[in-house]
Each structure stands twice: as structure tokens, then as C-alpha cells.
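Down below is the structure, laid out as C-alpha cells.
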Amino acid sequence: MPYKEPDAEELLGLLSRMQLIRSFEERAGMAYGLRKIGGFCHLYTGQEAVAVGAISTLELPRDLVFTGYRDHGHALACGLEPKAVMAELYGRITGSSRGKGGSMHLFDPGRGMFGGNGIVGAQIPIATGAALAQAYRKDGGVTLCFFGDGAFHQGALHESLNLAGIWKLPIVYVIENNQWGMGTNWRRVSSEDDFAATAAAYGMPGQACDGMDLLDVRRTVGLAVERARAQRAPGLVEARTYRYKGHSMSDPQKYRSRDEIDEYRKRDPILRLKDTLAEKGDLSEERWAAIVAEADRVVAQAVDFAEASAEPSPMVLYEDVLAPAGTGAGRL
Amino acid sequence: MAEKLFMMALSPTMSEGTIARWRVAEGEAFTAGQLLCEVETDKASMDYEAPKDARLLKILLPQGGRAAIGDPIAIVGAEGENIDALLASADAPRAAAAPVAAAATPADAPVAVPAPPAAARASAVAPRTEDGSRNASPEAAEAATPNGIRLAPAGRSPEEPSGRPLQAPGLPPSSPLARDRARGLGVDIRGIPGSGPGGRVVLRDVEAAGAAMAGPATAGPAAGGAAARSSAGERAAGEQAAGRAAGSAPADRRIPLSGKRAVIARRLSESFFAAPHYYLKRRVAMERLLELRASLNRGRERPVSLNAFIVKLCAEAIARHPYVNSSWEGDSILERGSVDVALAVALPDGLVTPVVRDCGSKGVGRIDEELSALIDKAKGRGLAPEDYEGASFTISNLGSYGVEEFTAIINPPGSAILAVGAALRTPVALEDGSVAVRRLAALTLGCDHRVIDGAAGAEFLATLARFVEEPALTLA
Amino acid sequence: MAIMTIREALGRALDEEMARDDRVFLMGEEVGEYDGAYKVSKGLLAKYGSERVRDTPIAELGFTGVGVGAALAGLRPVVEWMTHNFALLALDQVVNEAAKMRYMSGGLLSAPIVFRGPSGPAEQLGAQHSQSFASYWAHVPGLKVVAPGTAADAYGLLKSAIRDADPVVFLESELMYGWKGEVPDEETLVPIGLSRLARPGRDLTIAAYSKALKEALDAADRLAERGIEAEVIDLRTLRPLDEEAIHRSVRRTGRCVVVDESWPVASVGSHLAYLVSRECFDRLDAPVELVSLEDVPMPYNRSLELAAEPGADKIVAAALRALYLEPGAAARE
């Protein structure tokens, strides 16, 4: 299906989805501060346009999504229920992974969401393999593989780009360059800081886009997805974005100034799309307030759901290690 | 919608924080990410950022105030919102909230660890019962005494280890399978020599012992004594005792082994099973020896014991038959230079065998002195190994108990033992056919056939008999 | 019954499974045009084409991860490592990814993938090419680990592994590819998780797997000359271990020698020895013996290499220790 620009209603939907993610991450951060969420919690605040914009170009669940540990945004963008995601963060049995995965391991194969990975870059060869399955089955599906600037230098990426090239896999690699790999600025550790240009080394096209602009993300990724689907050819997109919060909840963020964050807040992707729509007369103040209120309401419901949900029973510890006995043929 | 803001964990180790400074005033609006206040924690001063765009409607925790994670610090919302309900409500989610909903169903719950038995909960040591045994719970003791039940050690108490360990200290190691087989055969494993490393008793040792016991008994009373507790050694404590009710046949009594008893059992069993014993017997006339002793003792403060004489006479006989003074070494026989003679002495807590060294060079007086000193020592603080080990010849005299004759078990590392019976008036037929009464004592010489053949043993015994009947012959 | 080598048995299993289920495909270095580094996949490229028999670049992390992804997305990949020594480069994809996907997703995801290749010492290949990886994989919950010792088992276990819904690590051995054995003519699956009684006996139990199985059987023959009848059990699966079969045997014989080509520290063999010591404690006449590779990197020199390996000599010596017999002593009847 050739790429199409979205209409106003669609954009309002995407705006709502971004706001949902924004509200969700706010609450998740607060819940973490109250120790209801433990371990790791990597917030997506500020990067919403990338997940929402990119994933909106896909035909889920025929198309597949892989990402790293900063996966709340992608999970919600794929359509996972906020209740299920919040309950998973709370570790409850009602969570999307029954409380067994946590923040970094959100999955919903029925919606094309294949996680979620705790190892930097590990999802890249896996996503490449999923694209191999799509090519093998000739089902016309495309895989989107998200990863950060920090993952770019993993050997796994380079091996995967090469494999995608020799086997002509329908995969688009989306680099969410939020410019900070934990506390390290990406320029410090990149011998070549134009990531999109490096794609050429693997014989595939690479495009850069403004990760704070949903429309730019959507257009750039959409074209790459279309090409991947039609020609079975891999592509690479770099989305320059920014995270307002620290790398994770335990990051004191000494490595950057408040001013830098404030500068990017001025380019907030949600406000930007909101203003664009408002300027065109597609979004009134009341409608916007309603969108915000609705996002807050859904998230508040999700928190209540998580709070009220049961802990997994002790026997759950031993479940899901291996397939239930008798499952010889596998899931599919 | 107005809501409360709570003290948050701004660092992984923070448990409470103090408001160092509010950076936004009441009534002021703020944006997401803006610094709301500075919080002092255990580690450092942390920034509390606003989670969203809103207005600070009310400060609940002023500057300098301290709060635990989850305590409310402020109310935020839209301008003009009514916050009375929030002010009035006492709700404040605690930091580590437990889930509201029911926890796991009973079927899912892990099996509870059973409560420790009553004995372990006893705060004081259980009272002693009649037979002096302890380790009973107070309840058990209470119930037992009026019923005449003698309690055996039961269960565990925090002060003492449980009942009796499977292997008492000082015992040789054994494989679990060997112990099991011993139980099955009704054989006491403590009497079985071990062929495994470190003397470990292993299956084949137990089976060999079992086969040997099935054969005809060769031992006399003294041989049977220490080793043959053939009831199953490690039966659970209390099994026998606990079942008896008042008014029935007398109850058994289980005596824990002392180290000494265990050693006696082991060493004599080892000797008995390892050395092929045979016995030679002669009766000897004691008159001359008794006269000699009487006359020697007339001039002395302290009378010399009969045993000292026998020791000396044996030493003299050994000097004429040095092969008797030998030990079996496995791949050789060690013929000793010094004649070290042990005397079996009965003490209340068991047999001891003090050794007099180099009897060949000592007179009966000196031998007797040394024996007395050793016996005193044995009764007192006990003998040291150098006092009782390494005798090449042993004498056991049960005459004073009225025993006429008996066979004794060789005391390792020796190869022979002399069992002396009581000197009894006995009619004897003389050369001319007449009958006279003599005081005869039975001398039974036990020999290790690996070292001393029958004829050799007989020759030695003949010499010894001559010496006992006529001690002056030792001067020749 | 047909006589074939382990190499042929493995090739036959791959062929049958690829014919039966077109989700099954093979991927690895030299598996296609070269017909396989050890010729296990000979003829498969010609028969099934390059979509299903894929030559990869030398990028273990990359292609192992690709295999995992393909499995998650519904195919049944067989990833060949030229040897398990190179699998270290791909450790994350096996241990952190394939093994844990089902668990981390609360049962939503499944990774039905087989990782296979030779593991363990060969002949003078040197330290980096001679390591046994059994314990690296057997340590991980979420994996199944299989190590056949015969042609029939290589055939039947590889088929079972390919059909299994869970990730299976399959341990072969360079020196075993040429071993011959009887393989049934009809299609046969050997269940994962079941050991095999290789030789019945009453005097002691020897547990072994993979190449060491042959050494164990040789040792049993030599013990038999002295009147000692050893029972030899081929473990076949290392995770999950068929513990009960070993315990049943040891409870009868009272003695156990475990043989493992891995180093002794934290190996499958040392773990099995612990299990036997615990479960058969009351029936043991001697401590459980472990015969393993010497705790050194493998040397190049052939004599040193042989001295390092758990050969029949060492197994016989361990057996005699367990029987409290001197080397050279006649057996007790």
C-alpha cells in the first residue's frame, strides 16, 4: 500500500495517542517514586512522536515491532491496553506478561508487538530474523526495529544490517537518536555521527528525520516501510529526538543542563502537532482539553486497575519456563 | 482535577526527605519538568520536578518539614479548584503498598514449614527423669513419670543435638550401605574392622562379618563380652522404651557408649576377627609359687601381688621362647626386643591393660610397684596411651572371681595371652597311683596362629608351666 | 535397520524434518554450497534451495539472533554453529533471548529453535577449539540440552528437537560423526529427557554421554574381564536430566561413576554426582566418583591431550576405587 498522508481525524487520533503516552509515563514516573514499580523504568517522555509516527504506518499484526527497554511508548502505540501495561509495571498477574517481565519486557504478539528487550541491541538480530520469516513466508509483512543511539555501535547491528542486505529482508531499522546513551553524548562515541549515512556501507538507503515532528517521522518511515514491503529491501531511518527524563529513574542527569532540556521542551512534539492542527482549524481548545482529560482518565483507570490487581501466586514462578507438556508443534 | 503530590523516592536508597526549599509559591503555576522544590535526602540534595503542567494550590509540607516516601507534600490542580475534600481526607498511599486484592488462593500457597516439635520450644532444659535420661519435652516427661515410662532421648532441643548421632565420636567411618546391611544382619558395625580408606567399614566387611558369625562360636565367655551387642545399633531412640506400659515386664535400659567401651569393643573385635586364635591349656601346681611369694612378702611392708610373680615368670619364659614376643605386621612379623607385659585389670568403667615395660630386667618388686602405680593412675585420671599400648604379651587373671578356666582374646599388638584361673584344691593321680590333693590352677594360653604355631605355643607353655611349678628353674 | 554414520543419521533427520514441515530451515556457515563443514547437510541445498539452506557470513551473534527472531515469528530454524566454541559470540541470543522469551512474556512467545554443532575435544585442535559447552547450556532454565551418543539417537533426537516447542541446544562431536550404528528404517523419534541403558550390570553404575559413552563402554568391557559387571547409562539429554533412571540404578548397585568430557567445576557431571549422592545416600557403599576432563585448557600435544581426557583408563580406576579394589586385584566374587 503506497504511503498516504494522514487526514485530520487520523492526526487527532495520533495526537491523542501521544498524549496518552505522555500521561502514562508521568504516572509511571510517580508510581516509581512511590516504589510501586521496582527495578528499571525507562520513560519515553519527549520521544512520543517517533513511536506513534512510525508505528502508525504499519499494518499490525501482519507487521511486527521490536524495540529496546524504553518500550512503554511502543507498546501503547501498538495498542496494548494501558491497564495491562501499568499492571505489568506493578508486577501484577494481570500484567501483559503476567508480572514476569516488567518494564523492559512488554509483549503482545497479537498486536505485532514483540517487545521490549533488556540487552542493548539484542533486538536487532531478532527483528532481522522476524523479517526473514516474513520474507520466507512471503506474507507481505514488514518489521520495524527501533533502537537507540547507544545501540548503534553494537556488533549485532552491523551483523544484522549485513544479513538484511544479503537476504533482502523487509525491515526498516529506526534509530531513535535521543542523543544521550545513558550519560554519554552520542557524538563522543561515534566515529561517524551521521547514522543515516552509514546505511550506505550496507548497501541500503538511510534517511534522517526530525523525531520531534510526528509528520516528518511518519512520512520518512512510511516511505521506507512502503519500499520494504514492495521491494523486499531493508532501510534505515534516523529520528533525531530527545528524552526529557533521565535514562532511567535512577539517573541523576548530571551530564546535561536543565537549559538543554528546556530548549527541547520548547519543541515538544505534542504541543507542536497540537499547534499545527489548531492553526489549521482542526483542533479547538475544548477538544484539546478533552483529549488531555481523556488521556488522564484512561491512565488513572490503569493505575487503579494495577493497584487493585492481585500479585501472581507463588506457583507462577515455575510456569512458562518451557512449553506446557504436549505442545509439540509450537505456537503457530 | 486537583490531586495530592507525594514525597517520592528520588534515589534508590532514599526512605524519607526534608523539604530544603520550595521553588514555587502557593498559587503559582508551573510546567512539567519545572523544579518544584529541593529535597534533602540521606545522600544529597535532590530536585523534585513537576510531573505535569498545573498550579500549586496548597503546600502541605512546608520548608524544613520531613516526610517519608508516600506522604503528601502538596496539592496541585487548576486555578480555583475546591480542595476541601482533599485537605480533609486522610488518605496517603504508603510507599510500599500491599495489593488491595486478595492474595494467592490456598491451593497456590507453598507448603508451610511445620512448626518445630514441642521439645524445641521448651525454654528450659527438660527435667531429668528417673533413669537420668533427658531430652524429653516437659509434656513428655510429665506424662511419662506417673506411668513408669523411662524416657529415652526424643526429638531435638535447642540446647542439645538430637538423640544420638548415627556414629558416635571415636568410631570408624562406614558407608551408608554398610550400615544398612549391618542393621539387616543384626550385626553391630562397631565391631567390624574396615577395609576401606581410613578404616572405613564397607559392604564387604559387613558381609564377611556376617558370614563369620554364622559359623560355630569359638570364643569363651571373655571373648563374647564386649563386642556382642548384636541388637540393631541405631534403632530410633525411644522405640523400645516408649512402648511399655506400667505393670508389665521390666523395661529395657539403653546405655550410651562411653568412648572406652567403644574402644574396647572395636579393638577386641578387630583382634578376634583378624587373628586366628587357638588355645592350649595346662594345669599347674601352685604350691611352690605361693610359698615363695609368702616368704618374699614376710620381709616387706607392701606385699607383692601374685600377678607380679606371674608377670615375671612369663617374662622369663618368653626370654627362652622369643618368638612369642612378636607382632603380626601384615607383610612381616616383628619380634620385639623388650618384653612388655600387660595385665588385664577390671575397673568399674571397663577393662584396662596397663603395661610393664622390659619385664626381663625387673624384679617382681619393681614390677609390682609399677603395676600398682598404673592401676592407681587408671582409677584416677586414667591411663595415657603409652601406659596401655604396645604390650607384646598379656595376662588375665580371673582366679579371684572363682573362675576355673577361661579363654581370653589376644590384646593387640601381641600374639599371645595367658588366661589364669583360680588355684583350686584338686585331686591328682600321682606316679605311684596314689591320689593327692594339690592346688592346681588352669593356665590357658591363647595364640595367634599367624605368628605362633601349635607346637611352638605348646613349647612355650611347657616352659612356663615348669617355671610356675618351680620358680627356681628361672635361675637356670 | 540400516547401518549408518552419525553424520548420515543427522543428515537424514534434517532431510525428513525439512520435507515434513516447510517452516524448518537450516542456517549457518558453509551449510549450503560447501555441503556442510562436516558434511552433515550434504545434499540439502540441492534439494531444498537457498531459501531453506542459507549460508551465512561469519557473524554468529547476528545469525543466531536472526534464528531466534525467525522462531519467534513462527518458523522452525535450525542454526548450525561450526563448533560450539564459536557460540560464545552468540551467548546472549541463546541465554538471554531464546531461553527467556517464553518466561518474560508470561507465555505469549515461543522460540522453537534448534542450535546444533560439535562440542568437546577432537584431535589436537588446541585450546580454543576443544571445549565442551554442555554446562554452559545445561545451566540455563528455558533451554533443553541434548547430547546423543549413537547414530540412532542422533537421528531420533534431532527430529524430536526440531519438533520441540522450546529452544533446544544439540551437542554433536567432530570425532563422533564417523561412528556407525544401527538406525531404524522407519521414522523414529527419540524422546527428549530420557536416558538409555547402554549396558546392564550389577556391580556399579557408570553414567556418561556423548563421546565419553564409548570410553565408558570400553571401561565396562575391561572391568568385565575382571569379573566386574558395570551398568552403563547413556544420559542422552542433559537438561532435563533423567535423574530417576540413574538413581534407580545406583540404588541397586551401590556405586556410581559419572563421566563427563567437560571440566570438573560446575559441570553436568558434577551436578549429577551431587544429585546421586543426595538421592542415593543410604544405598551408597562408596562416594560418587567423577571422571572429567582435567581442569586445564586443552594442550596441542597429542599425549598431553590424551592425558587430559576422561578415557577408559580413568574410568576403570574410578570404578576400582568405588569397589575398594586395588588396581590389578582380582574382582571379588
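Which chain is which? They are A, B and C, in the order written, and residues in each are numbered from 1.
By our rule, a residue touches a chain if its C-beta (ideal position, glycine included) is under 8 Å from a C-beta of that chain, and two chains touch if they have at least 3 such contacts.
Fair warning: this is a prediction, and the values are worked out from it, not measured in the lab.
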{"item": "Most distant chain from chain A, judged by the mean position of its C-alpha atoms", "value": "B"}
{"item": "Top-ranked pair of chains - ranking by C-beta pairs in contact", "value": "A-C"}
{"item": "Chain A and chain B: spacing of chain centres that average the CA atoms, whole Å", "value": "68"}
{"item": "Gap in Å, rounded to a whole number, between the CA centres of chain C and chain A", "value": "40"}
{"item": "Chain centre separation (chain B, chain C; CA means) in Å", "value": "47"}
{"item": "Of all residues in chain B, those that touch chain A in their complex", "value": "1, 6, 8-12, 31-33, 35, 46, 51-52, 69-70, 93, 95-97, 99-105, 108-110"}
{"item": "Parts of chain C lying in touch with chain B, wherever the complex brings them together", "value": "254, 281-286, 324, 332"}
{"item": "Residue ranges of chain A touching chain B (in the complex, touch as defined)", "value": "23, 26-27, 29-30, 32-36, 92, 244, 250, 252, 258, 261-262, 265, 296, 307-311, 313-315"}
{"item": "Residue ranges of chain A touching chain C (in the complex, touch as defined)", "value": "64, 66, 95-101, 105, 107-109, 114-119, 122, 124-134, 136-137, 155-156, 158-160, 162-163, 166-167, 319-323, 327-332"}
{"item": "Touching residues (chain side chain C, partner chain A) in the complex", "value": "23, 25, 51, 54, 56-57, 59, 61-77, 92-93, 96-97, 102-110, 112, 141-142, 144, 163-166"}
